[in-house]
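In the two complexes below, subunit A is the common chain; its partner is subunit B in one and subunit C in the other.
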Partner chain A sequence: MHDMAKRENNDDDSARVKRVKVEENGNGKMDPATNPYLSHLYDEQPSEYNGSNALSSFKRHATTTKQASRAEDGPNNAFTGRPLSSKYMSILKTRRGLPVHQQRDEFLKLYQESQILVFVGETGSGKTTQIPQFVLFDDLPNQNAQMVACTQPRRVAAMSVAQRVAEEMDVELGEEVGYSIRFEDKTGPNTILKYMTDGMLLREAMNDHNLTRYSTIILDEAHERTLATDILMGLLKEVVLRRKDLKLIIMSATLDATKFQKYFHNAPLLAVPGRTHPVEVFYTPAPERDYVEAALRTVLQIHATEPEGDILLFLTGEEEIEDACRKINLEAQDLSREGGAGPLVVYPLYGTLPPAQQQKIFNPAPPPTTPGGRPGRKCIVSTNIAETSLTIDGIVYVVDPGFSKQKVYNPRIRVESLLVSPISKASAQQRAGRAGRTRPGKCFRLYTEQAFKKELIEQTYPEILRSNLASTVLELKKLGVDDLVHFDLMDPPAPETLMRALEELNYLACLDDEGELTTLGSLASGFPLDPALAVMLITSPEFYCSNEILSLTALLSVPQVFVRPAANRKRADEMKELFAHPKGDHLTMLNVYHAFKGEEAQSNPKQWCHDHFLSYRALQQADNVRLQLKRIMEREELELMSTPFENKKYYENIQRALVAGFFMQVAKREGNGKAYVTVKDEQNVLLHPSTVLAEDSEWVIYNEFVLTTKNYIRTVTSVKPEWLMDISPNYYDLSQFKKGEIKQALLRVTQKLQRKEAEKGGRR
Partner chain B sequence: MTARTMGPRTEEDTYEEDPRYDDADVSTLPFVQQPAFGRGLWKNPVQFVSAATDAPVAAIAPTIGRTMAEKYLAIIFPNGQPQPKTEAYPACGICGEPVKETDQRMHYLSPAHQAVLPRAHVPSAIDRTRMGLKYMSKHGYDVDARVGLGASGQGMLFPLVPKEKRDNLGLGIDKKEHEKKRSLGGASKADVKEGRLDAGQVRKLAQVQKKKHDRLQRMFYGNDEVEKYLGQLGG
Partner chain C sequence: MAQSDEDDDYMNMVFEDAPKGPKYETSLQRAARKRKEGEARARQKTKAEREADAEAAREAALATALPETNKGFKMMAKFGFKQGDTLGKSEDARKEPIRVDMKGDKSGIGLESEKKRKFREQWAQAEREAKRSKEEEGDYVEIRRLEAKEKKAERDLDSAQRTAERLTEKEAEDKGTPQPADKPWKDVNLLWRTRARRRAVIMHEKQQRRELNNSLASRLPTLAAEDDDEEDDSKVAQGRDLAPFYTSLEDDFVDEDPDLAEFEALPVPERLQKLLTYLREKFHYCLYCGYQYPDAELEGCPGLTDEEHD
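For the complex of A and B:
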């Protein structure tokens, strides 16, 4: 204990010394133009050059808004020393009009006074872009070669916000301001402000338990309670005790921030009002029989009767949304033909939509068909990504059926699935708030007020309660957290979920029987992958096919590569047949990738993908992911090799390597029918209709369990039961199996193997 | 003119040039471009009511319950509630009940006393040989204590139970009630009782009841042998 304190002191001292050094000769080093002895070389420079000096009078954690404003006004950029552009000046003006700017003084005071700060600002207050900049001018991370980190739950947000802030600060993206997301790092040695996904910060913590590279860490959108943010909060709560110089800001968009405050030992709270208008809420007098139909009717009704303003409709999934868009289009055309309303343009919005199409939602509403006619309107049909993460101006009407697709994990059958469930009250309020962004709006809820009060839970359950924790436990073990039982989480998961995660990792040999991290586990945690995928990749050299498994892992980490447009399904399926491998979908995906990397495809990959109904974006992404994973493999000295293609074991080796990672996701056919049963969990499933598996396969491994109208397993490849017993004897320990068909089948296999073995012995 | 109507129409098309554009009944669009018709959903608007502002309604409810209890007591004890008699027996230090038994030990064995004593929970059904459990117990987790995870054991005890929704029923609709209603030909039980049915519903209801009657008839008076024979014949 004593020792520790001493070491900390030393750290502090060294940090101070370092800082002084930078102050003494940092400026001179940065830019020769400021060196008085070289001034003759820079005749054209104005003599009162004071770029980097703008910050020299600043005392760390004792600055004021006035000082910062002066430095922001220029004429030179305070951090780079280059003159500021005119674009910067115009952005600066709008920035100063943001709600957070009114409270900069108050913010600085609290920030300087306390180590942890909880900041509440509604969407549109400018907190994500402005607060990190406020911090930069007070924390001056450049002086001791540290950084300010700002986490985001989503990759897209991290990228787009970093881009925006780089513009606001008049610097190149990737220089002073950068971002870091899984499989992509756009930062440089000059970076002082880094936007990153919460998962990335967690990864960094694995190698640097005290996060020494950062002077301030901002956890943004904490109200979304993603898995990584929850773990980070638990972790940082401890780091903050070890590192007194680290500052922590928790930013949330909702007012349940008191929960955060309490969790962080009553940290001070600062709230900034957003710019919102009142929203009138309507309910239905009785429950609706069909919420989708009711939603469509409501949209059309708004379009026909309400004054100008755009509509936002929340539905649950891609299919439902596309279907609704089609129907609304049709009905709206009828409506305008009858002269009941102006034109209506409908845009879908969901996560897997290509970015170019996502951008369309920002198009302005259409003009009236005839000059002076009834105004046009746009209608956006979205999943709950429009609830918090995306801000669309111009929305005046919100239609809320009260459902969303949510991830749920059932540890007893080990299935993580997306299920349509009722939203929470908080979520309903958030949806309603979307209507009041530009002017007073209306929210139409397709349920009764009674249902709102009685049937909806207060808050959406945080992700940690709804997820498989295998990768989280692996990360925590790597982070040095051994006591998972008492780890201080805001909402600890159920004991059974943790138990399952530990056992899964044990079967994967990432943890030994005592629960200690094995070499394999430590290696696996270094990959930004699910433990099963990581283990498959690491063990693949044993099967002489690490090149192929590397490609396959990359393909499994990106969105679906096959495109199947509703209008052209048949043609798309024919094209898929070209790549089909009779043994299953994994091998088919591999064929696609190899073809994609072939000469013919690479001459014009975009056209080639279009012709073959493949997603160019997904394949490109897979290529990028492959490169990143390859680098990690090379760093870890994992051999990259292939079985020669002529060898008849080429595909078998790949199948065996697949088993090494996915032996817990195996299903056996029931009798001779189409139905399958998953091993150990005994769930009845069907092969997903998209499969290309041609052979009759008694045993298959699957990548995904899909719960829709039926239970499906998707992306399947046939395997042999001998491999299962051979590659994972621990999991396929027959004494642990319940009596039944699967056990019988496996028993028969062992007997056969033993007989063969005996025959061999006899012959010898 | 023909070239215009054949080509795809753009927004810039002017309507003044051709007099036919003014006539709403003449469609100048080529036939193939006529979009399909919708189901006319827009003709059937959804009714909405504003959010209620009267919040205190819920607050009155519990007081009604209490007055009911008081009313009941007033009927049972018209002369006012009987007061508990002063205790003739000493109260037990542990359970607070009067010790009526002569022997203190006899009192300890009485159900009233036993019920107050702290008891161990029913042990958890989780398999004790599980590796995950072993690791967790090593770090001080007691599977039988009914304590969750977390710094102060505040975590939830059981995982969330996912509920699948495989229909389009709106929020707040009672699924059982809905199915019953469908079997009654779209009418609710109350409608049937009060006779608020239209002709179609009455017919449907009659059919449903006839089917039910036939089934009961078969169950009571049917002959298994004959049924079997007929079933074989029919199938």
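For the complex of A and C:
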């Protein structure tokens, strides 16, 4: 903290001093012939400045900014030896203007001196694209056939940043610079810089405990504290002790990096201040009765009264955002027509929005309706993805109601759900900061200053405290971490969370009673899936339907395939009816996939999806995921087969195979209506309104337990109770059940089965 | 002997159980019971009942920690984990899962706690009042005496001010310089200015009412009366509730006239004393004698205060 404060104060000065020093060197001592800036004047270059030889004089971990700059200047690419393009040159100029570039010397010094380094740079400082390149020129991973890894919490970021850096380095994406995300690997034998999701690096560690392929690992956006980043930090803390040659950089965008420093044995810290302007913060005098309504009012007021500048409004989810956009649009049109304000264009922004529509937020604000009239403005209504991960220039006004949708998990009722919750103080500060990107801005907080101080928690809870850890525990076991109780995490979760995860894995037969990994568990950890899904897939050949379960697993791993636009709900429901299977949603989804792969649909899949209110993107993705999973199955020699469609057991086999994965997610109907009670946890739930279940079903399996003000189960399929006891006798050990209706019902089933057995025996 | 004593001890006598009904229910009874149970089961719970059940079950489950019989617990115990321990190596690790809070409406941050705070305040206020009244019970007589005295002082103050005003007006008329009826209240002598101000407020109010009745209320003739939770604005607009105007004047008053505010803030006896002195000095008038003496000596008047006139 102390260090940083000092840096903030002195930054301007120190940067100026440094620049002067470089110039001195250039003017005074340097021979103009070796001056890289004048290299174009000297045709006969010494060979060491040429092409890949430019790096030959470099001493690993002892290079300077000067050397690197010379190599970057070309004329040939330092890593490929090919001549550099003019596009490269123009990008290079921009790159050298980025804030991080001014601290390259300092960065190199700390990087060379220390095994672990914490680097703080705000969004827009250029850290994600530049730091890995700085590392490349000093770490020279190509000399030892190693790579530099840079992790990202999001797939999209990994892809787009890799694309950008490939351009900056003037190489083909997938060659020297590549990326690796779940279900997609775009790297090759020449790759020296690999952007990847944190989850992918974790998966790689399962097969290579010391991550020997990498010479430097950069954990970017560590402040987001994703589950995978937290686990990686715990692992790497141990790996760096075993591998003294491995360097580790933790990059964070927020100033609270001291926590990282402390966790990593007081590693040195380097901070690059971002370019930000002051933001004036306003609070409401009293709490708001309806935060959405208050938000709309505020946006319109800003539009009518504040000078030019775009607006960013934070809301919680797709539906709320689309609804708000519609309302703002209507009101703003009225305002504009009456001459009370200029034109206003409203754009929604959320994760599931197609990329083409996401791009629209970068459109410039509309011009005045009449030349010289009141200036136009754009308003972006976004989830918290605009909080850190996306930078939108031109935002001057931020409206912050103080809520976001956050994942919560509670091991006591085993529910993992997205709930609207108050944000943290850190989040609120981050949101306000978005208003000061281009010039001084204003942030309107729709709560009182008192509420900000007293009601908001300091930091958002890291994901590890809000997640089911079954998947993570399986990965850690595979990673060879045996003692999970004392595994050194930055924020250890509640013990019950680990308890529940171990228990679930035991019921899934992935861990034995001693907590040791079983063969099935080891196999399941090889699939990039939830343990329940992996187990279902692995056991599906026993039910003669691995082809179908493979399709279903893929469908359950992608976003919702059904599209239900607000303006066309009825038509969408009619279309869904075409695919409906009376036994439930899983089978309905399978019908959709089969139809999608049919001849008629494949002749023009995009149009077909559009006509049937299906998401082309999701189905395409499912297709891709299926292919990847199929490869793993083939590698593991798991047989792919189907029950003949004519066989009357075709669907029953699929239902049974579903039970093999989802026997812990079962509900029994209570009375005659839509009300169900979950088995063991005994939670009252309702079938989600989207459910297709034509038949009377006393017992169902569900994919998701959704918490809202009501409890819902979503993606539901009918099953028979005897299957439950047949397929998972351990979980359905009735002596472990609480007294009650569910136990009674299951006892009746057992007795019936026994009677049948006896009859059979008698007849024999 | 002892034996017979015991036998005779009627205190220890054991009664046969009171006769009960038949040990087994009859077929008719069973049928009736089954029917009742069946009806209870078959009855569809109302939506509200179901929701309440669901919430109760959820809250109960959320409040119950996983038991030590949990298989996961046993695996963790292998590594020395005990009930009450935390995971990892940091000091301040979590013991309990994060609470699950469902948000059922669109209320803004702080609204819930604001409601709770108001409720708490009201409650505390009620408690304070209850406590105070209890304390006062003890010296009821003394309190009543003080109250009576205070009330009397207020009445005296009022009549002293009235008298002072009257005498001043009379004096002006006698001099041939009668004061204009619409003399701004701020120009009135501080000692009785409050009377003038009160009159001005009433006038103002009447005028407002008239104006509003003539304009808005007449244009919105039927939109009145029945709905109680209308916004304050509309009540005012319809001239039905003039409290806001009054309060706004009340608020202005400190800004408008700090002198008067200061004077009014003085305790009643002190103000009364000031007026009594003024009346004696200016008009040789004693309120308690009810007589205007011819000269400053006020001969025959026992003194300034009421007590002295007893």
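The rule is simple: the second predicted complex is superposed on the first by the 714 of 764 C-alpha atoms of A that agree within 3 Å, B and C clash if a C-alpha of one lies under 4 Å from a C-alpha of the other, contacts with A are read in each partner's own complex, and residues count from 1 in each chain.
As a convention for this text, a residue touches a chain if its C-beta (ideal position, glycine included) is under 8 Å from a C-beta of that chain, and two chains touch if they have at least 3 such contacts.
It should be emphasised that the depicted structure is a prediction, and the values quoted were computed from it without experimental measurement.
Undergrad: Clash or fit: how do subunit B and subunit C relate after the overlay on subunit A?
TA: Clash.
Undergrad: Counting only touches as set out at the top, which of subunit B and subunit C does A:Leu446 meet: first, second, both, neither?
TA: Both partners, subunit B and subunit C.
Undergrad: Using the superposition on chain A described above, determine whether A:Lys720 touches subunit B (first), subunit C (second), both, or neither.
TA: neither
Undergrad: For A:Thr370, decide between first (touching subunit B), second (touching subunit C), both and neither.
TA: Only subunit B is touched by A:Thr370; subunit C is not.
Undergrad: Give one of first, second, both or neither to describe whether A:Leu296 is in contact with subunit B, with subunit C, with both, or with none.
TA: first
Undergrad: Could you say whether A:Ala675 touches subunit B, subunit C, both of them, or neither, answering first, second, both or neither?
TA: It touches subunit C, and subunit B stays clear.
Undergrad: After lining up the shared chain so the two structures overlap, which partner does A:His101 touch, if you call subunit B first and subunit C second: first, second, both or neither?
TA: neither
Undergrad: Name the contact category of A:Leu419: first (subunit B only), second (subunit C only), both, or neither.
TA: Both: A:Leu419 reaches subunit B and subunit C.
Undergrad: Considering only touches as defined above, state whether A:Asn506 meets subunit B (first), subunit C (second), both or neither.
TA: After superposition on chain A, A:Asn506 lies in contact with both partners, subunit B and subunit C.
Undergrad: Pick one for A:Asn684: touches subunit B only (first), subunit C only (second), both, or neither.
TA: In the superposition, A:Asn684 touches subunit C alone.
Undergrad: Looking at the overlay, which bit of subunit C runs into subunit B, 91-99, 145-153 or 271-279?
TA: Here subunit C runs into subunit B along 91-99, and the other listed stretches stay clear.
Undergrad: Does any part of subunit A touch subunit B in one structure and subunit C in the other, and if so which residues?
TA: Touching subunit B in the first complex and subunit C in the second, residues 284, 287-294, 401-403, 408-412, 419-422, 446-448, 450-451, 454-455, 461, 465-466, 483-489, 491-503, 506, 511, 513-515, 707, 709 of subunit A appear in both lists.
Undergrad: For the complex, give me every residue of subunit A touching subunit C.
TA: It comes out as residues 284, 286-294, 401-403, 408-413, 415, 419-422, 446-448, 450-451, 454-456, 461, 465-466, 483-503, 506-507, 511, 513-515, 671-673, 675, 681-685, 707-711.
Undergrad: Taking the touch rule as given, give the residues of subunit B at its contact with subunit A in the complex, in rising order.
TA: These residues of subunit B touch subunit A: 11, 15, 24, 35-42, 44-52, 126, 130-136, 138-141, 143, 148-151, 154-166, 168-174, 178.
Undergrad: For the complex, which residues does subunit C have touching subunit A?
TA: 41-42, 44-45, 50-51, 53-54, 57-58, 61-62, 64-66, 70-76, 78-81, 85-90, 93-98, 100-111, 113-114
Undergrad: Touching subunit B in the complex: which residues of subunit A?
TA: Touching subunit B from subunit A are residues 280-285, 287-294, 296-298, 300-301, 303-305, 327, 330-335, 339-340, 367, 370, 401-403, 408-412, 417, 419-422, 444, 446-451, 454-455, 461, 465-466, 482-489, 491-503, 506, 511, 513-515, 707, 709.
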